[in-house]
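Next up, some structures in C-alpha cells.
Paired with subunit B in one complex and with subunit C in the other, subunit A is shared by the two complexes that follow.
And then the complex of A and B:
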C-alpha cells in the first residue's frame, strides 16, 4: 500500500461493499414481491438506520448508551405531528402549537424535521451528559430514555399519552427506506474517517494519550452524540411511516436491547458490524419464523412450536459471542482488496503502517 | 473467516426460496386472521377467534357463503405492532376478503391499517375503543364488540332506575384506555339522570398494591354512596374489589364487562353486590337458550367453557359480515360496507348491532346485567341505554 493514499482512498471500499449489501437486500424485496417480505425488508432497513445510529456514538466513543431509543421516540412523534391530517390532530392532540396543528406535510419533510429535532435534543442533552464517562454515562443515558418515555406517556394533550397516535401516512415501498439506510451508512462512514471521528476513536482506545495530544474528548463525543441522535430520530420517523401507529411503549426497553444486541453481535466498533449484525440476525429471525409457520419438506410439514423463535435467537447470539466475543466482524471493516476484513485507522490492535 | 459469509448468504437465499407468493382463489371466500397466536394478547384473541371459527363452520356446513366455502388463513402478530402490520399484509397476500385483527385497538390497528390500505374490510375481534373503526383506521374498518362507554352508561342508568341509586362514587384505574372509556360513558350518562349526583371521585393505577388512601376517602364521606362506579380491569380489579369489601363498604360496585366471567371469583370469597354488564351469559343462565347451546358447542370444540363474554363478539363478527356479503351478493369491500351500514338493530345471538356511515361500532347496545351474590354470578336483568351516546362526545374523549 502506498503511503501517499488518503484514508478515503484506503477505506472507500467499506461503504461501497455495505451499500452493495443493502442493494441486494432491496432487490430481494423486489424479486420476491410479496407484501410481508417487503415489510420485513423495510424493517431491516429501519433497524440498520437505528443500529448504525447507535454505532456512530457507541462504536466511536466506546461509551455504551442505553438511551438512544429515546431519540427514536422523539423522531417518531415529530413526524406524526407534522404529517397527520389537521382535523385528527385537533380532536386528539389539542395541545400542539397552532403552526404544527394546522400543518399537513409530505412525509419527506416529516423525516427531515424528525432528524433535526432529535439532533437538537441530542445536542442539549449531550451538552450535559458528555462530561461523564464509563458506566456513569451509560446510566445517565438510560435515565434520559426513562424521562423521555415518561413525558411522552403522560403528556396527554400533545402526545396522546399512552394511546396510539394514528393517521400517520403509511409508506410501503422499499426505496425511501433503502435511501435512508444508504444515507446513514455514508454519513456514519464519513464521520468515522473525519478528523473528529478519528480523534474520538483515539480517545476511545487511549483516553489519556488522546487528551495529552490535544483531543477535546467532551467536544468530540458531543459531535458523535448529535449525529447519532439525529440518525435515531430518522429511524423513529421511518418506523412511524412503516407501521402507521406510534405509542411511547414501542420505544422502550425491548427496542433498546434488540438494537444493542444486533450491534454487539455484529461487532460494536465497526460500521460493517452494525450493518451485518442487523442483516444476519434479521435473516435468522425471519428464517425461524418460517419454521414456526411450518415448512414443507417433500410432503411432510415441519413446524417449530410458536415462541421458539425468541428462544432460538437468544441461543444464536450466545453461540456467536462465545466464538466471536468481539462480534461477527471482530470489530473490523469489510474491505477490498483485503477481502473480507481490514481495520480502520486507529483500530484497537494496531494502526496501519501503510 | 469466510464461513460466516457463506452462512449469511445461505440464510438469505433460503429466505428467498421460502417466501413464495400465494394467489387468491375465486372458488373460495377467504377470511384472514391477523391475530396474536403468541404473546399476551393471545389470551384475549384466541377465545373470540375460536367463536368466529365456529360460526364459519356453521356457514360452511349450511352450504357456504354465496355458494362458496369459506377458507381460513392465519398469521401471527406475536403481540407486536410491527409484526401486526406484517401479519395483515400476509393474510392479504393470501387473498383475504375479510381481515380479522386483534382484540385491542393498539395491537390490532397496524394490521387493520394494512387492510384499509388494500381496500379490504377489517374487523377488530373485540376492541371497545371508538378508534377501532372509521375514527382510528378508516371507512372499511369495524369492531364486533360494544363501546366501553356504553358499559359505563348502562351501569349508571340501570343502577339509577332499578336500584334507586342517586349518590354515585367514581373510582377510575388510569391504566388503560378501556378503563377510561367506561368512566367516560358513566360521565356522559350521569347528568342525564335527574337528581343523581357524583359525591366523590378518585383514581388509582392497576398495579397499586394498596388503595387504602382511596378507600379512606370513601369511608370519610358523610354517607356511604349508593353505588361505586369502578372503572378497572384485570388483574388489578380483583385486589381493588377485595380491599373495598374488606374495609366494610357495602355499596354495590358497578364495573365494565372486563370483569365478566367467574374465573376470578375464588380470589374474593363470598363477594356480593358486584354488578357487570355482559353481552351474553357464560354462566348457563342466558335468557336466550341459543346462547347456552352455543356455549355447549364452544365447549365441544375447544374443550372448555367460555371464560368470559369476550368470546361472543367473534361469533357476532362473522355473523354480521356474512349477512352483509349475502345481501351485497359479493365480497367487494365497498358493497359489503354499504350493506353493513344499512344494519339497524340487526339481531344477533348476543344483542342487536347497528352500523352507520359515522360509526362502525355500537354506541348503544343491549346488555345482560349480571350480579354476583355470595360468590355466585347470576343474570338478574337486561338493559339498553335510553339514548345512544353521541359520536362527537366519544370522538372528543
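And then the complex of A and C:
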C-alpha cells in the first residue's frame, strides 16, 4: 500500500480554512470600521491565541490545565516592563533591573520577549509538573496559577502589586492581532501533525501502551506545555497592548473559565474546535454585552442585568457537556473536500468505524 | 546468557503478598517459549517485570547478557523488548496506521519514515485494508493483530504476547499460530507466549514454563509438560480429565 499524499498534503485544508475564517473576521472589522467593533475583533483574535494555546496542551495531552492563564499574566507584564516609558517605570516599578527600567522597546519586541519568557517559565514549571498525571496534574497547574497571581499581586516594586500598570502602548489596528492568531494556528497545526504531537495523542488515548511503544510521555508533555505556555504569554502581551493597562486580577479565574469554556464548547481535542469555540462564544458574549448596556425596543430600553454573560457561558458549557461532550466539532477538524468535518487527530482521516 | 531475554531469581511482592518468587526463565531468539498457569499465577506480573513496568524486588532481568531490570518501559522498548497487552490497549482515537506510526516515532523516526515503515508492516501482517480504520472500532480479532503489528514495529528482538488468543475462534487461533511462527522464524524474534489456550501453546512452543502461585513448578518441552502430573494437578485441578482431550 502506498499513500499518494503526504500527511501535510492530506491535512493542509484545515489550517487554510481556519485562516480563511480569521481573515473574514478581520475583513469584517475593516468594512464595519467602528471603534467598538474593531475592539471586539481584536478581543476575538486575542482569545484565539489563548484558546489555541490551551488546545496545544490540553487537546493533545488530555490533561486539563487550570493554570495556563498564569503564563498569560507573565507575558502581559513582560511586554509592559519593556514597552512603558522609562520615566513611568522609575516612579512606579523601581524594583525592576536597570536594563529593563531603562528600556523602551517597540511592542513587537515586547511580544517576542513575552512569548520567550512565558515559554521559558513553562519549561521550568513543566519539568516538575509533567511527571504528574490526571487530576493531580490539573490541581498542580491550578496551584501554579495561584502562586503566579499571588506573586504579581504583592511584588509592589516590580509589578505594582494590585494597582494597575498603565502606559503600555496601545495598538488599535487589528492586523498585528490577526497575524498572531494566524501564527498560533499554523504552529498548533504543525505541532499536531508532528511526531511529537502524534506521540502525545497516543499517550492521551493509552498512556501505558504509548510507553510500551517507546514514547517518553513526560518529554512529549513538556514539549506541548512549553509551546502552549509560550502562546499564552503571547496572548497576554497582545491583551496588554490592546487595552494599555494590566492588573494581576485580570489573569485569574474569570479568564481561565472563559478560555476553558470556549475550548470545551468547540471541542477540546480539535484545533478547529478551539477556533470555532472562540468565534461562537465571543459572538454570544458580544450580543449579551449589548443587551447589558440596554437596547432600544420602540422607545423602551431593555437591559439585562450585569453578569448575564458569565451565566450564559456557564449554561452553554453545561448544555454542551450534557448533550455533546466532544464539543460542537465532535473533536473533528474542518476540512476540504470532506466538508465540514473530518477526523484529523493524528494528521489524517478517521475512517468510519464498524 | 547471550542471545536471550532472561529473568534470574526474580521476586516481586505487593504489600507483603508474594506475586513472583525466585522465577528464572529464558526466552531464546528465534523460538517461541510458552508461559502458562492458572489465573493469579503471576504471569502478567512477570511480563511487567520483563518489560520495565514493574521493578523486581530481587533478581535480575538480562537482555542478551546485559542487566536491564532498572530501565523504564520506553527505554526497554528501545532496547528491543516489545509486548502486547491482555486488553489490547490500542490508541482508540487514532487510525490503525497511526497506531503503527506511534511506535515508529517512539523509536526516533520522522513521521514520513514511520509512515513508510508502518505501511510495510501492515502489508507483512496482512491487514493493509484496515490502515485507515479507527482502532477503537475494530473487531476483537483485528484488534489483536493490530496490537501484535504495533509491537513488531519496534523490530523487537523479543516479543511478549499476553493472551493474544483470548476470545478467538479455532480458525482465528490457527491464523494467529501461523503469524507467531512467522515472527519467530522469519523475523528471528524470541517470543514469550502467555496463553490460556493450552492446545495452542503446546502446538507452537519449543519450551514451556508453568507458573503457579508465583513459582515455576515445571518447565520443559511440550511433551514433558503434557506428561507432568504436577502440571495437570496445579493447572487443571479437578478438570484434568475434561481437559485431557486438549492435552
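What we mean here is this: the second predicted complex is superposed on the first by the 309 of 354 C-alpha atoms of A that agree within 3 Å, B and C clash if a C-alpha of one lies under 4 Å from a C-alpha of the other, contacts with A are read in each partner's own complex, and residues count from 1 in each chain.
By definition in this document, a residue touches a chain if its C-beta (ideal position, glycine included) is under 8 Å from a C-beta of that chain, and two chains touch if they have at least 3 such contacts.
Model, not experiment: these values are computed from the prediction.
In the superposed model, A:245 lies in contact with subunit B only, and not with subunit C.
When the shared chain is aligned, subunit B comes close enough to touch A:295, but subunit C does not.
By the touch criterion defined above, A:36 reaches subunit B but does not reach subunit C. When the two complexes are overlaid on their common chain A, residue A:253 makes contact with neither subunit B nor subunit C.
By the document's definition of touching, of the two partners only subunit B reaches A:91; subunit C does not. By the touch criterion stated above, A:166 is placed in contact with subunit B alone, subunit C being left untouched. By the touch rule above, subunit A contacts subunit C in their complex via residues 1-3, 6-7, 193-196, 198-199, 201-202, 204-206, 208-217, 269, 331, 343, 345-354.
On subunit B, the positions that touch subunit A within their shared complex are 1-2, 4-5, 8, 11-12, 14-16, 18-21, 37-38, 75-76, 81-82, 84-87, 89-90, 92-93, 105-106, 109-110, 113-114, 117, 129, 131, 136-137, 176-177, 395-396. Those residues of subunit C whose C-beta lies close enough to touch subunit A in the complex are 51, 53, 72-74, 77-78, 82-83, 85, 89-95, 97-99, 101-103, 105-107, 109-112, 114-115, 119, 122-123, 128, 131-134, 136-137, 150-151, 153-154. Contacts from subunit A toward subunit B in the complex involve residues 24-25, 28, 31-40, 43, 91, 162-164, 166-167, 170, 172, 239, 242-245, 247, 250, 276, 279-280, 283-284, 286-287, 290, 292-293, 295, 306-307, 328, 340-341.
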